[in-house]
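Below, each structure is written out as structure tokens.
After this come two complexes, each holding chain A, first together with chain B and then together with chain C.
And then the complex of A and B:
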């Protein structure tokens, strides 16, 4: 290994490599630093600003939070609501996605585009107008209201991703199955669905996460009776200004994300996904 | 015992007629190639036989019984696709066993049958691989195994080897032919590759623009193409516009005296074309030839060479020459026509033979099968 003189320009290649490394470190810091900060705060019992690290570590705030009735109720509630939203979305949207992918009818593109309109405009006015309708129907403060709002705003994932996936399935795979004796239903269950499974998994994942973390809609149509975990977190942060409460709740909210991400990683690594991408 | 008949099969897509009144009989154990340029309707015809396309007219008979009303999953046909169409989420075993499982066979029987077909296609040991872990040739063998394991009455192949490299293509072609002979499997094979069709088929059905131009053995199709299209499509062919002048037929550099009968047959026709293969034209020394030209290019094909000769009127002829003939670009050469076919609109071609090459009769083994090819 030779030692380059300190003065004098670096060779171009190593300059590029250096630039890349700097950019990478900056990106990692940008993404990871807040996460690390939150984690530090979650386990900090005492942290006075001049100190670089918490001066006292422990689970004190975890115990305090988990002992609170609102947290105990909201965690399973959030999981349940997100699961219901995901399941309903799948039941409604997957057959629609299949139809949108396979049938060519006038207005097909318009229907596909319509799902993005809910995301193309400022959301808060939409939530307010929905809340007004729900108020007149007596639905405010009920679980169905929260499910309905979250469902509307997560259908995009469950329509677009599977539609693209169904369109991407090679029709000859299905013909080959027909050729060896499979009925239309068998082809769908044994050939088409396994082929699009990774995409459907990704859509389920996105829908679940979206519903689990969604706060404005749930806040507007859910309170006072339906308080999801993000709503509890919001009220704790805005009301009591104990940094640790927010940090611990954030860390708790990550749990389903991490589980799902690990699941997703395995799914994306799997042969089905690889094959789906290469063929 | 399995035969296939197409009776004026017709398939339209909107205003275009993809297959037009196509009739074809495939005998038991026969290997027929549908050959034609892309878009000629050969794949559509095959997909009609498999049941993926519904004919707009005509009938498809397997063993004499109409199958048009039978959906593809209950038709006695097995299809091998160009893109192999293996199910990427199933292993080799899973792919081949899928059809057997749908037929509710016992596990032991499935394993035995899959084992047999794996042996047949030299795929043993690859049962638990996934399609993406196989080479292109292995993938196409698995696709063939998947069809053969169900013992279809008619095996259909849609350009199965066209995505493979040349060497592999030739090897798989030979394997397929050997297996087809062994199983006496009635087979229809679609290809745009004339060499593939010539080497594989018992009979070749040449299609153009939705219609059958000619159905015959490879030798006959090459030797005596019935239409100008077939003449130009199969093998190398020099096609020259011809005119009848007096007692002679003039085509490019050639002047051919015609007998009275031939002359009368051609007399009242405007469009006459003369077709001669490169091996039917001889390179001669200039002194003793009526026709002449200048060598423009020498194309080495390995066993022989094709010499491109430019004639006075700018017409170019491809002439076959043995390797030993010393010929180079720029040489002035004479040309001799040994045999040609004369095409007229809507009639059988007329054969003109100047001189038969001497062929010794070979001794044929007693009782040898007089099978075409």
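And then the complex of A and C:
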């Protein structure tokens, strides 16, 4: 985002800095501190209440957690399901994103409207409606049911972010390539796709991440037979077992998110991301 | 000239049979591209929602209000519904105030803190709700970091929000803050510096400028941010499930229990339908506003 400087007299600047400092401290306390706490817990072998920090550090609970059968089974399952969801979502949504951004056809607005309306439904009640249908079809507790439910809400990322990106493509480059004799396919692969690649990459990552960490749908239509990693974590948290298990899982689950964050830093600055997420 | 370009021009310029055929081909191509996504929406959103809404008004194949008599005759259901709406409205109110404060600072300040504030405010976008909920238990819970640190400085009167309504509100605000900030930032990006400078030159103070210059220009963004916050929160499950109280419950948790634990599918569907109905107005406002914006964007892109 570009911050255009506002011409103002100097005294405003110090007030500005003070306000910013207050805001920053508040955000550090509210957003960052709980996450730092989890990281500390993940490496704490002993941390009893009177102590401000862990009294004994180590990886003991990492080994214990990774040795658990439920974790060993659910981790590859979650990876597989999230990969399937991401691939299906790309195949289904990217063509639609291209059409919505680039083609003008009768009914385009109606289709746009239907995609927007789809997001005006609250999420969990909709999962329940889907689950009731799956129940009558005998699909509860199956992998396809989990994939289907997770797919529905990945559309938010896979349609809007690429649509905004396709809209931003410089058409003069495409026309120039076509003028010198490039075919449709060549133009798409060599000119159009490279321009939208970062946005599509971000959409793929966001979709993967959301499917991987998804709790609601997996809980409703997956259990008892399909137990993804977040569902295992949910039972470890609510079961009030060893605190470190939840912490280690959080730290582990989080690595892909951090990679995404670093990748997406560029996206934060681009209007594409904001436009994709907000419309 | 490509079929797409022909369709784009969309004028009778390309007259005759060739033009008609090209347009038809363009339409077919667009339909093929959009069809899979549209089918997804139809099969997994429209059909289930309509079936739930319609189905709950029938019992044993006959039209009946029995499901709703059960729901509204049960004090627990009604209490859960009120609790859900209350928690949602309070969270949205906090989100709008906090989000506006942050977004305004990011838009109009030019200190070096802007980058750090932006990263922190958007960070929860990349933290899964289950990790966030666990982090908040370890932070604010009865044996969490906050009470531990407070005890070290002699404060023992701490009351944990964990498993209370306030715990759900804190978690939901934590999770939803980036969305609100992003949307308000997008709105504020449209506000012109010139109008603000002009007002300041006329001697207007910050409050006057905010109320009379900035707010009218970002009104739509504020409404959309509020609607999205409302829909996301009322449709959330994980955060209130982990951080909120056991009774009363958010509707999502109530539904999950009815469906998975009590095996009362019809009851859970009724609860879902009641929640849909609560959201209809908000959803309609959201759809109308976002639809107009995206049509405007599409026109601008041409």
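Note that in this section the second predicted complex is superposed on the first by the 235 of 279 C-alpha atoms of A that agree within 3 Å, B and C clash if a C-alpha of one lies under 4 Å from a C-alpha of the other, contacts with A are read in each partner's own complex, and residues count from 1 in each chain.
Convention: contacts are C-beta pairs under 8 Å (C-beta built on N, C-alpha and C of every residue); 3 or more make two chains touch, one makes a residue touch a chain.
Since this is a predicted model, take the numbers as computed values, not measurements.
Visitor: Tell me the contact category for A:170 with respect to chain B and chain C: first, second, both or neither.
Guide: The answer is first: A:170 touches chain B but not chain C.
Visitor: Looking at the overlay, does A:179 come into contact with chain B only (first), chain C only (second), both, or neither?
Guide: First partner only.
Visitor: Mind working out whether A:191 is in touch with chain B, chain C, both or neither, as first, second, both or neither?
Guide: The first partner, chain B, only.
Visitor: In the superposed arrangement, does A:144 touch chain B (first), chain C (second), both or neither?
Guide: Neither chain B nor chain C is touched by A:144.
Visitor: Would you sort A:250 into first (chain B), second (chain C), both or neither based on which partner it touches?
Guide: Second partner only, chain C.
Visitor: Report the partner of chain A that touches more of its residues: chain B or chain C.
Guide: Tallying touched residues of chain A, the top partner is C.
Visitor: In the overlay, answer first, second, both or neither for which of chain B and chain C A:130 touches.
Guide: Touch partner of A:130: chain C, not chain B.
Visitor: So, A:58: does it touch chain B (first), chain C (second), both, or neither?
Guide: It touches nothing on chain B or chain C.
Visitor: In the overlaid three-chain picture, which partner chain does A:155 touch, first (chain B) or second (chain C), both, or neither?
Guide: second
Visitor: Just which bits of chain A does chain B share with chain C as contact spots?
Guide: Correct list for chain A: 178, 271, 274-275, 278-279.
Visitor: Taking the complex as given, what residues does chain C use to touch chain A?
Guide: 2, 4, 7-8, 10, 26-27, 29-34, 36-38, 40-41, 44-49, 51-52, 55, 101-102, 105-111, 113-114, 116-124, 126-140, 143-145, 147-149, 151-152, 174, 177, 179, 182-183, 185-186, 189, 193, 196-197, 200, 224, 231-232, 234-238, 242, 251-252, 255-256, 259-260, 265, 268-269, 271-273, 275-276, 279, 282-284, 286-287, 290-291, 293-295, 297-298, 301
Visitor: Which residues of chain B touch chain A in their complex?
Guide: 50-52, 71-74, 77-79, 81, 83, 85-89, 98-99, 102-103, 130-132, 143, 146-147, 150
Visitor: Report the residues of chain A in contact with chain B in the complex, numbered from low to high.
Guide: Answer in residue numbers: 170, 172-173, 175-183, 186, 190-191, 194-195, 197, 271-272, 274-276, 278-279.
Visitor: Which residues of chain A touch chain C in their complex?
Guide: Residues of chain A touching chain C: 1, 3-8, 13, 16-17, 19-21, 23-24, 27-28, 30-35, 37-38, 41, 49-52, 91-93, 95-96, 98-106, 108-109, 111-126, 128-133, 135, 148-149, 151-152, 155, 159, 167-168, 178, 184, 209, 213, 215-216, 219-220, 223, 230, 233-234, 237-238, 243, 246-247, 250, 253-254, 257-258, 260-261, 264-265, 268, 271, 274-275, 277-279.
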